[in-house]
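Structures for review follow.
Note that subunit A is present in both complexes that follow, paired respectively with subunit B and with subunit C.
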Partner chain A sequence: MSTYRIREERLPALFEETAKKRKLYLPTDTAEGVAAFLPYREGMTLTASLNTSRSAKDLFFPQTETLADFKVSGREIAVVDVREECEDFLLFGVRACDVKSFEILDRVFLAEPVDSFYKNRREHGTVVSLACASPVETCFCGTFGIDCADPEGDAAAYRWEGYYYFVPLTEKGEEYLASVESLLEETDDGPVWDAKGEIYRKKERLPLKSLTTEGFGGERTKELFDSEKWESLSEACLGCGTCTYVCPTCQCFDIRDFDTGRQIRRYRCWDSCMVSDFTKMAGGNPRPTQKERFRQRFMHKLVYFPAENEGIFGCVGCGRCLAQCPISMNIVKVMKALKEEKE
Partner chain B sequence: MQELMKARAAALLSEGKVNRVLGWAAGEFVYDVTPTVFESREELERDFVYSPFCGANLSKYLVKEARKEGKILVFLKPCDSFSFAQLVKEHRIPREKVYAVGVECYGKTDATALRSLGITGIVGAAEQYGALTLNTLNGERRVTVAEAMLEKCKSCKTKEHRLCDELLGEEGEPVSDCSRFEEVEKVEAMTPEERFAFFRGELSRCIRCNACRDVCPACTCETCVFDNPASGIAQKAAADPFEENLYHIIRAFHVAGRCTDCGECTRVCPQRIPLHLLNRKFIKDINEFYGPYQAGDDPETPSPLTDWKPDDVEPGSAVRKGGRA
Partner chain C sequence: MIKDSLIPGVAAVASVRADTPDVKTFRILTPEGKKPFEHLPGQCAMLSVPGVGEAMFSITSSPTEKGYMEFSIKKCGCLTSWLHTIEPGQQITVRGPYGNSFPVEGALKGKNLLFIAGGIGLAPLRSVINYCRAYRENYGKIDIVYGSRSKEDLVFYEEIVGEWQKEEGINVHLTIDRAQEGWEGHVGFVPDFVREISPDTDRTALVCGPPIMIKFTLAALKELGFTEEQVYTTMELRMKCGIGKCGRCNIGSKYVCKDGPVFRFDELGALPDEY
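Showing the complex of A and B:
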């Protein structure tokens, strides 16, 4: 496969050129120091943080979106389909974990019945991933078989000794690189391997590198469900939605109506199994306390999801819940506690 | 300090004075401590920590914990003890169910604060007299807790505890040069348009995780209006772009006069929104309109907002002053 490169200082020119042809999103630092994927503006630079605070799922599955409008006039109700083709866009600098999360979301939203809103964005989006030159302590993508040195996506980028190297991985990726060809030079892939080698050396030092998924999956559903550990693990959980909202693979949503008096807007918004009214129904709430809600989040990722998806886990090890939970409870602590119990 | 606390907790447990201990448990790395209830000496031995990373305020957990059988020991930093006193005042915690132990505090930090100083990949740390030696994936880094202090600690009002049954370590004094209203003054100095734009900008990042509310010791309603689907303003309904702003305005009003400025909301916000500014504005206004008042100062004095005195400021003059400031 061909490899292309550009000097680091020329990156702004690459962004300019890219943004001319489609909407570009970059992981950048906001004024408050929060890394986020934002639409490109002139002069915007890549964040120094390894990963964004919110995940890249926002671009395919936004926190709120309108599904339909209902217009009432007299005795008529007109249903307005608000769907329209979205414009082409490109996500630059997506980490291997987030790229993998798209595959997990695809399994949910692209299975029958296909979610046309999600599909629309997926079709128009191109993903350029970026290998993780400096993984941090909260990273455990390796646990789920994700290689941060070899990210997937439509094209993969590597930073090495003053250059960014690009390897196209799909047709979309080829097409993108061709569209900015004038700025790139073709090269051999030696430096890409050097970059990878350096990442593998760093991965060896990661504190969570020996965490495995052994003991999880669909086989021990009942046993894990009944574990006594849930009580103490969930004890301090605030039931906020932080972990679910920043998680690239959390996919639950609610559908609500917003009544303006003359018009009703039906929209969907993210929901969280961690909050109290998530399973509230006419007959009551089958998950009455935080213990059941908390258990659901982890059982879904570690047991139910793999049970229904050929063993693929519903977590990509991005570490966001480790970094952002207000009380520092997270999937790694849950996995370790459940394993400890088994031993 | 940590060893002293552990020993004291173990002693009170074995004497049968308390049944459980509410403290902080060590995590995977050094900074990810979790509020935890300990029931035995062994659990304390294994997991209990008290370190510069114990920023979490434990007092709100007492609302739930005090409903259980027996008595619970809680460790409170000075700022946490104000929350405790306020909750006792609001009859949210039966005082006799809690054995409160005040612990000294010289300021806390967290991973977010360290990350914003460019220190990442933290896997361990040692502390001596407020100096941290951090073991990171990129080598050793040194920093003082003071350099990486949480916002709430930078604006600490006092090192003196309220309403504790006993104190461990040295009791501190009020912070004489506390400058917690400086930032509020900056916002007050803005024109109304600038101020509006400022808050719109800050709050636009809100993802409505509600962590600020869930952690807040002044937010202890059994069912929050934002969690009640029948209220029409339930948390998920970010139906229009002003939704989040309203949520914050309503919340700030609801905790006015009860917020002790414990700083938890700002600490937990994953989007780093300076939520304390709203609450502190109310605190400052209450001080100016009704004379100095500190929520949680003691478990009796009524808040000026729930009390009435003949010489209370007239609403009209408050509005005029508010308009000017």
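Showing the complex of A and C:
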């Protein structure tokens, strides 16, 4: 496979060139002091943070989006299809965990019947991943078989000794690199292996490297569902939903209507299984307390999702929930507690 | 762009019938006067009033009704209260059909059938009952056990006594919770009534009603010698998308909107007890 490189100080030129042909999103530091994927503006630089505060799912599954408009006049209704072909865009610097999350989201949104809103963005989006030069203590992507040194995507990027190296992985990736080829030089892939080797050495020192998925999956549904641990694990959960909003694989949504004054706008927005009215019906609630709601979130990722998706877990080990839960509860603690019980 | 399941079509309410003090049956058509789409017995559809809300309802008319689609809706929340105020001519939106169906062309074919319903629970079963009536030769004996709080709360009362009861090979057993003037029939709860009737265990049972009624009815059927493989039910949980993506109507790894709403009790028994 061909490998291309560019000097680090030439990155601004690469971004400029990229942004000429399509919308570019970069993980950058915001004025609020967090890292986020933002549309490229001249002078914008890559964040030094390992990962963005919110995940990259926003670009394919935005926090809110309009599904349809309704013009109501008297007793009559007209449905207005507001969908438009999405413009081409490119996500630069997506980490291996977030890239993997797209595959999980694909399994939900691209399953029949296909979600046209999501599909539209997926088709027009190109993902250039970036190997994690310095994974941190909250990282556990390896638990789910993800290699942060060797990310997937349309093209993968590696940083090594003053250069960024690029390897195309799909047709889209090749097409992108061809579009900026005047700025790249072809090279051998030796430095890519050096970069990976360095990351593997760092990974060895990660505190969560020994966490495995053993004991989870569809086969143990009832046993794990009935575990007595859920009571104590969920005790301090505030039901704030932060974990679900920052999670790259959480995809639950709500559909609501809003009266704009001129029409009724039907939109969907992120929702969370952690909140009390998520399953509330006129006749009652099948998940009446935080224990059931908390259990649902983790059972979904560790048991229900793999049960229906050839054993693929609904977590990519990005560690955002570890870093951001206000009460320091997270999927790692849940996995450890449930394993402990089994032993 | 491809058609998207979440974008509904327009439907016009052709007629509204008050079945009970809190249940109305809405007949809907497309603005061109046609049936909105084809469906199978037990399937559901999303109805909405833009600006008020959208919710999933079972389609109560039989697929054999070629000219229209009907929904029997109990007034119990925001959207249903609004629906109860509307008059013929009002447009709403509809999308569907969603979910699986009762296996009328599979496991139920050639069988003696036992329908057991409580209150509004007869709405989804009516679609199956009328389908079986339309293809009468494909099914054996049909028993219908139906109970409600009072005589006034029996949904489809006219149709039950005017059509179902009069048909050969169909036995209808009605009951109400408490005795009332002008009621000569049985008084008592559905599960006890099922025990009294003591139907032969060669029947396949289809049960729908309030969760508590379903639980006790299943217990009664088991006492009588029915196995879980012989009993079907249809579930209801909160839904937003109807296509297994919004993430809220799951029982374990199964989505009621997509993998259900019809489940056999042995299938349901393999799932976590959270519904």
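Everything below uses one rule, namely that the second predicted complex is superposed on the first by the 338 of 343 C-alpha atoms of A that agree within 3 Å, B and C clash if a C-alpha of one lies under 4 Å from a C-alpha of the other, contacts with A are read in each partner's own complex, and residues count from 1 in each chain.
By our rule, contacts are C-beta pairs under 8 Å (C-beta built on N, C-alpha and C of every residue); 3 or more make two chains touch, one makes a residue touch a chain.
Computed from a predicted model, the values in this text were never measured in an experiment.
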Now for A:254: first (subunit B), second (subunit C), both, or neither, which partner does it touch? both
Figure out whether A:120 sits in contact with subunit B (first) or subunit C (second), or with both, or with neither. second
Of the partners subunit B and subunit C, which touch A:149 in the superposed model: first, second, both, neither? neither
Answer with first, second, both or neither: which of subunit B and subunit C does A:315 touch in the superposed model? neither
Between subunit B (first) and subunit C (second), which does A:24 come into contact with in this model arrangement: first, second, both, or neither? neither
A:280 in the overlay: touching subunit B, subunit C, both, or neither? Say first, second, both or neither. both
After the superposition on A, what does A:307 contact: first (subunit B), second (subunit C), both or neither? second
Of the two partner chains, subunit B (first) and subunit C (second), which one does A:331 touch, if any: first, second, both, or neither? neither
Considering only touches as defined above, state whether A:206 meets subunit B (first), subunit C (second), both or neither. first
Going through subunit A, the residues touched by subunit B and also by subunit C turn out to be 254, 271, 280
Enumerate the contact residues on subunit B facing subunit A in the complex. 27-29, 31-37, 56, 61, 111-112, 115-116, 118, 120-123, 136-138, 202, 205, 207-211, 213-215, 223, 227-229, 234-240, 267-268, 270-272
Which of the residues in subunit A end up touching subunit B in this complex? 30, 32-34, 48-50, 53-54, 63-64, 134-137, 202, 205-208, 232, 235-236, 238-242, 245-246, 254, 256, 258, 265, 267, 269-272, 275-277, 280, 322-324, 326-330, 332-333, 336
Going by the contact rule set out above, which residues of subunit C touch subunit A in the complex? 1-10, 48, 50-54, 76-77, 80, 89-93, 210-211, 236-238, 240-241, 243-250, 252-253, 271-272, 274-275
Contacts from subunit A onto subunit C in the complex sit at residues 67-68, 70, 72, 75-79, 81, 83, 85, 108-109, 111, 113-117, 119-120, 218, 221-222, 225, 251-255, 257, 259, 264, 266, 268, 271, 273, 278-284, 286-287, 292, 296, 299-300, 303-305, 307-308
